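Each of the two complexes below includes subunit A, the first together with subunit B, the second together with subunit C.
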Partner chain A sequence: MTYDEILKISPFSLNKSEKEGILTERLKELTERHIDACPQYASMMRAVGFKPESIDSYYDIPFLPVSLFKELDLVSVPKNDIFKCVTSSGTTAQAVSKIYLDRATAGNQQKTLVKIVSDFTGSARMPMLIIDTPSVIKDRAMFSARGAGILGFSIFGLDKTYALGDDMQIDIPAVEAFVERHRGEKVLLFGFTFMVWQHFYKELLMNENKFDLSNGMLIHGGGWKKLVSESVSREEFKRRLTDACGLSDIFDYYGMAEQTGCIYMECEQGHLHASIFSDVVTRRHIDFSPCDIGEPGIIQVVSMLPESYPGHSLLTEDWGVILGEDDCPCGRKGRYFKVSGRLKNAEIRGCSDTYAVGF
Partner chain B sequence: MSNLDKYKKAFADTFEAEEEQLANLEYQSIPKWDSVGHMALIAALEEAFDIMMDTDDIIDFSSFEKGKEILKKYDVAI
Partner chain C sequence: MPSVAPMRPFSDIAIAFLNDLSKKVMSRGRAYSDVFTFGFWCRRSALLKEKSKYDDLCCRLGKGVIFHSTPSNVPVNFAFSFAAGLLAGNANIVRLPALNFEQVNIICAAFNDLLEHDHKELRPYICMVKYPTGAEITDKFSSMCDVRVIWGGDDTIAAIRKSPLSPRATDITFADRYSIAVIDAPAYLASEDKDKLARNFYNDTYFSDQNACTSPRIIFWIGEEKESAKKIFWKNIHDLAKKNYALAPVQSVGKLAAFYRAAAERNVRLEKGEDCYVTRVNVDSIDEDLMRFKYNSGFFFEYDISALDDILPACAGRCQTLTYYGLTRERLTKLLACPPRGVDRIVPIGTSMDFSLVWDGYDLIRGLSRKVSII
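Coming up: the complex of A and B.
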């Protein structure tokens, strides 16, 4: 099955065995492709004695630590085919991941994102308030993950309005005018969790006039790390936003720059969902064997998208728990899970060192 | 202004391109028509013709020529 054919399948419609077949076939192809085209990847696979023909399931494909993209430029296409580089800072500000995209991969990222998100928002585009500053997309050749996220989501938007100025201060007149223009219409708000909290919610509290965003739907992502340090839970985040501006449709998503496009959206039940285009596996930190449902472990993510770089199977720096598969009350098939937090640096360096030994 | 003129103007204004370049323009063929420029172009066309395009059509809008075909769906003949 080609990826264009896979894109035609509804993103949460396949059960475990149907999904495993398609995912294994595609991920095996990607593994072979990267072994042929990316010498560093090939030598890592040789070092662990991996042969793609021997796999029964995508579980058997080795995973690279996500931090490896900070240390190495991993590319599987000729230099001339690369037209965009997306960078992510990850947990620390010092080292940046560099993800090289060709047209095919970038195109598939956008198409996949549209399929996944439309399952939650519906296919109609909505007036969009972006909780960020326009300056994040100024450097167009070198995107930050933040800029790439905003752009990826802007396809759902009409009358796109930035809520923050260049100084990260809320632009009250702009937000006010946006709310006024779209009174009674369904609107989309998009932003990164911390920006929404720090630069939008907290500023709204200080503003005398309350905005009515009860007709809005907020999609936010990018991690909770900073909010955890302020002891703000998911429930509280939602409750406080509802109190401040009436927003009640609030959806978190989980995803990373290294696998842009394949995001995991939170459903009405508060569960993050894997679509047919990707999956999550949790692994035990002692021996990296797969965890059972309900057992916390290190999150591995696999994605059908990365063709231009060997990022189709990655070990993240996050802990999480698979809550179930194919049986979420929201009706979506596939695995659903929650993210419990970040691993400590020392532990992840361990994995990275283990894998880097091979070359 | 004819539809073709409006169509050309949206491209020319968004990408600061010259008239003679337009017919051959494709997504990613010039630095300005990148993913940021793409969304700006779509916004300009939606405003010029007072239409709202589907996400699939925004993705498929890959060249000056292809765009004419897509706009037919929205009863805009160019």
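Coming up: the complex of A and C.
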């Protein structure tokens, strides 16, 4: 089956065995493709003694730790075919991942995102308020995951309005005008979790006039790391936003720059869902064997999309748990899961000071 | 402190102090193997044995004031560094690790006891300090010392060197280093105490997350029947690590990433194991660049050799300790005939962490004292 054919299938309609067959076939193809086209990937596969013809399931395909994309330039297409390079947002880390996209992969990312998200939002486009500053998307050839996310989601929007100015201050007149223009209409809000919290929610609290966004639907992603440090839970995040502006349809998503397009949307039950285009596997850190349902482990993500770089099977630095498969009360098929956060840093001993100390 | 008179190396009062310290910390610090090891090391008899190795003590005197900056994550290192400074005949300012370790508390409490009662005369020679980051205090100590001893690796050395020393003062620096091991396969197979060797190797490696400068990163195998030797050796190490080592998820992921980094650029092969406790990476060549890919937490490069000289490409300037099993002193000494740039210590497996007054190629007694020439 070609990817265009796969795209025609409804994203949450296949059960375990139907999905596994299609996913295994496509991922095996991608593995072979990257072995042929990316010398470093080929060298890595040789080093682990991996032969694509030997696999029975996508579980058997080696997974690359995502950090490798920060240290190596991994590409599977000729330089001339690279159409853009996306970097991970890198808000805290100094090193950023570099993901090289050709037109085919970038196109598939966009189409896949549309399929997944419209399962939640419906296919009609809505007026869209972007909780970010327009400056993050200025350089289109080399942009961050934040910019890529905004552009990706913009396809769902009409009358796209940025809620923040270049200085990250909330643009009150712009937001006010947006709310006014679309009173009574269903509107879409999109932004990165931390931006929504820090630069939107906190600013709203200080603003005298309350906006009414009870007709809005917020989709946010990008991780909880910074909010965890402020001890804000998911429940509290939602509750406080509802209190501040009436927003109640709030959906988190999980995804990474290294597999843009295949995001995992949170359903009404608060579960993150894998679509047919990708999957999550949790693995035990002792031997990397797959965890059982309900057993927490390191999250591996596989995606059908990466053709221009060998990122179709990745080991993340996140810890999570698969809650079930094919039986979420929301009706969507496939695995659903929860992310507990980043892997804890270990205090490694040794003679060299592990952090640059100021003297 | 700068006006305090220097002492002779291995002075009676220094040895008496360290011997009393030894008794106190060995009884109070039993729960901590590193505190106990320090106590055992500074017994009078052990120190007298060290003293006997020097033939020029009669005309040596301490340099004056030593400023020790000790590593942030090795609890007892400060005590050894201090003891070397005191034995060499100096007053000592010791910057303690920033993190709060119980081992440090135990040893410092013993200092206070001894200086309060039986060893009042040494009070001007001993000053343990802890201070927040900021160059001001480091500047002050650096300007008043005669020798500055810097542990903690390259970044720390670079940071501390921003503080100027007085014109005659010198640095002794302990930079980032790596270490290697050689095992003679037939000797290993013939050994009757393979369990003990496994424990020794474990102590050299996993005990410090294989991240001490003394921990071997490359294991060389020499002699016949290498494969059978490896099989038994690594099974023993694996069983010990599985039983004793707390492997965190980030370490498993880190080791996998380190392996793939090496695999992307070099011809390597992963030796499949049943789990992530021991990561063995077979390499097809040895050169200095290999250490760019080194990792910790039980991550070993392995290489078969037919002659001992074959390890020389790994003995570059950054190479600190060569640990060995089953090799004679004669064979090892021959290595120095084709002089390597690195390798400062050649010691049996299991003793890589044992502190010695000659460390990293520095003779600390001589480096921290001066020689008076009388003609």
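Everything that follows uses one rule, which is that the second predicted complex is superposed on the first by the 340 of 359 C-alpha atoms of A that agree within 3 Å, B and C clash if a C-alpha of one lies under 4 Å from a C-alpha of the other, contacts with A are read in each partner's own complex, and residues count from 1 in each chain.
FYI, a contact is a pair of C-beta atoms (placed from the backbone, for glycine too) under 8 Å apart; a residue touches a chain by one contact, two chains touch by 3 or more.
This is a predicted model, so every value here is computed, not measured.
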Which of subunit B and subunit C A:Met44 touches, first, second, both or neither: second
First, second, both or neither for A:Leu151, with subunit B first and subunit C second: first
Partner chain(s) touched by A:Gln110 [first = subunit B, second = subunit C, both, neither]: first
Contact breadth on subunit A, by residue count: subunit C or subunit B: C
Which superposed partner A:Ile137 touches (first subunit B, second subunit C, both, neither): first
Which superposed partner A:Phe288 touches (first subunit B, second subunit C, both, neither): second
Set intersection of subunit A contacts, subunit C complex versus subunit B complex: none
In the complex, subunit A residues that touch subunit B: 83-84, 103, 106-107, 110-111, 114, 118, 123, 125, 137, 140-141, 151, 154-156, 158, 160
Subunit A residues touching subunit C - in the complex, by the definition given at the top: 40-41, 43-44, 46-49, 64-65, 67-68, 71-72, 74, 285-288, 298, 315, 317, 319, 343-359
Of all residues in subunit C, those that touch subunit A in their complex: 69, 71-74, 77, 98, 133-135, 138, 151-156, 159-160, 162-163, 174, 176-177, 208-209, 211-215, 247-254, 256-257, 259-265, 267-270, 272, 274-277, 296-297
Residue ranges of subunit B in contact with subunit A within the complex: 28, 31, 34-36, 39, 43, 46, 52, 54-56, 58-59
